[in-house]
Amino acid sequence: MDSEIKIEELKKLVRDFCEARDWDSFHTPKDLAIGLVTEGSELLEIFRFVKESDEAMVIQEKREAIADELADSLFFILRFAGRFGFDLSDSLAGKLEKNVKRYPPKR
Amino acid sequence: MDSEIKIEELKKLVRDFCEARDWDSFHTPKDLAIGLVTEGSELLEIFRFVKESDEAMVIQEKREAIADELADSLFFILRFAGRFGFDLSDSLAGKLEKNVKRYPPKR
Amino acid sequence: MDSEIKIEELKKLVRDFCEARDWDSFHTPKDLAIGLVTEGSELLEIFRFVKESDEAMVIQEKREAIADELADSLFFILRFAGRFGFDLSDSLAGKLEKNVKRYPPKR
Amino acid sequence: MDSEIKIEELKKLVRDFCEARDWDSFHTPKDLAIGLVTEGSELLEIFRFVKESDEAMVIQEKREAIADELADSLFFILRFAGRFGFDLSDSLAGKLEKNVKRYPPKR
């Protein structure tokens, strides 16, 4: 559960899974980035031609498919970061800090 | 740091950032999925036309740009999951479990 | 055949196909752009985890799937351009002209 | 103009441009597919967070940027097809024919 698991633990889960399958030679930066885009695109395809007014319904009806594509996309981010030494929490916090100036809060 | 931060804490960071800016009405499922794909695509573009043998060099030379695009992509996954009630850790663990059969370990 | 067909004729083929199905209300600019990206992503997925040295083999073995994804991607470009009044030949020629300065010819 | 130019002529325009720059070694199938997705994604980004009701306005206000991204996407389709011997008109016509059964006309 997201309330219990640390990012590093998810990274390790993914790393162990990949190393047990000898996937290192396939997991180049370019192919991991392709992985992220192609899985993100499968998430997007679920909403293709869906009208704004029907999106909430699709969220309800396709929960399992959506959860799968979110997991697949996250897999490639965690694998990329774990394999090439990026700290996601630090990068995200730093990015948000920069964006505070770019997009000042309204409230 | 990834070794300290739980997924839920990152989700909350992103939610607070978005709610302070009244972004809810823009953050439909379709537009968040577009966010994921367009940011993932910016990560991919860093490796466009880069030869396999040069990828390691690019990883070194463009660390900051890569960290930024990873953070941007993760932002949209966390926002999507947080906004529509998906548990990423559970989804990812479930997905890996299914994949154990599909891709039996070599080691 | 590409040696006989004009761009405008392909645009018309696509337009007639879509109008006969009353697809106008689904074919907003955003959804047509999603169509292009999701179909392009299916082409890309064919080469995911394929090593540089194996790409030529994949081109041979998956000709039909590749032709399908190229056609699907082109469909959305032609539909977008036809529906919203863009001239693709002029845009492409203009783009190449600009790029002559950016990338001077080597030969 | 699209009413005058044949697909083959556009293919040749692109091929001549690329050959004059010695781009063959960079234009592998995988990198050309990445080109298509990343350029399509730039088109999509123009409509990110744009409400259905505002899409028509964006089409008017960003005509030049849209034309550029359509041209860039088409460039990679023409280059891929030209370089690896795919006939786009035949593929598209064949695809539409198959889809007549899948999506019977309403009119």
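For reference, chains read A, B, C and D in written order, and residue numbers begin at 1 within each chain.
Keep this in mind: contacts are C-beta pairs under 8 Å (C-beta built on N, C-alpha and C of every residue); 3 or more make two chains touch, one makes a residue touch a chain.
Just so you know, these numbers come straight off a predicted model, no measurement behind them.
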Q: Could you say what rotation angle superposes chain A on its sequence twin chain C, using C-alpha positions and rounding to the nearest 5°?
A: 180
**Q.** Same vs different contact residues, chain A with chain B, by half of numbers used
**A.** same
Q: Report the inter-chain centroid distance for chain A and chain D in whole angstrom, where each centroid is the mean of the CA atoms.
A: 27
Q: Take the average of all CA coordinates in chain C, do the same for chain D, and state the distance between these two points in whole angstrom.
A: 3
Q) What parts of chain A, by residue number, touch at least two of the other chains? A) 30, 34, 37, 41, 44, 47, 52
Q: Would you pull the chain D residues touching chain C in the complex into a rising list?
A: 1-8, 10-11, 13-14, 17, 19-22, 28-30, 33-34, 36-37, 40-41, 43-44, 46-47, 50, 52, 55, 58-59, 63, 66-68, 70-75, 77-78, 80-81, 84, 86-96, 99, 103, 105-107
**Q.** Complex contact set, residues of chain D against chain B
**A.** 26, 31, 34-35, 37-38, 41-42, 44-45, 47-49
**Q.** Complex contacts: residues of chain A adjacent to chain D
**A.** 30, 34, 37, 41, 51-52
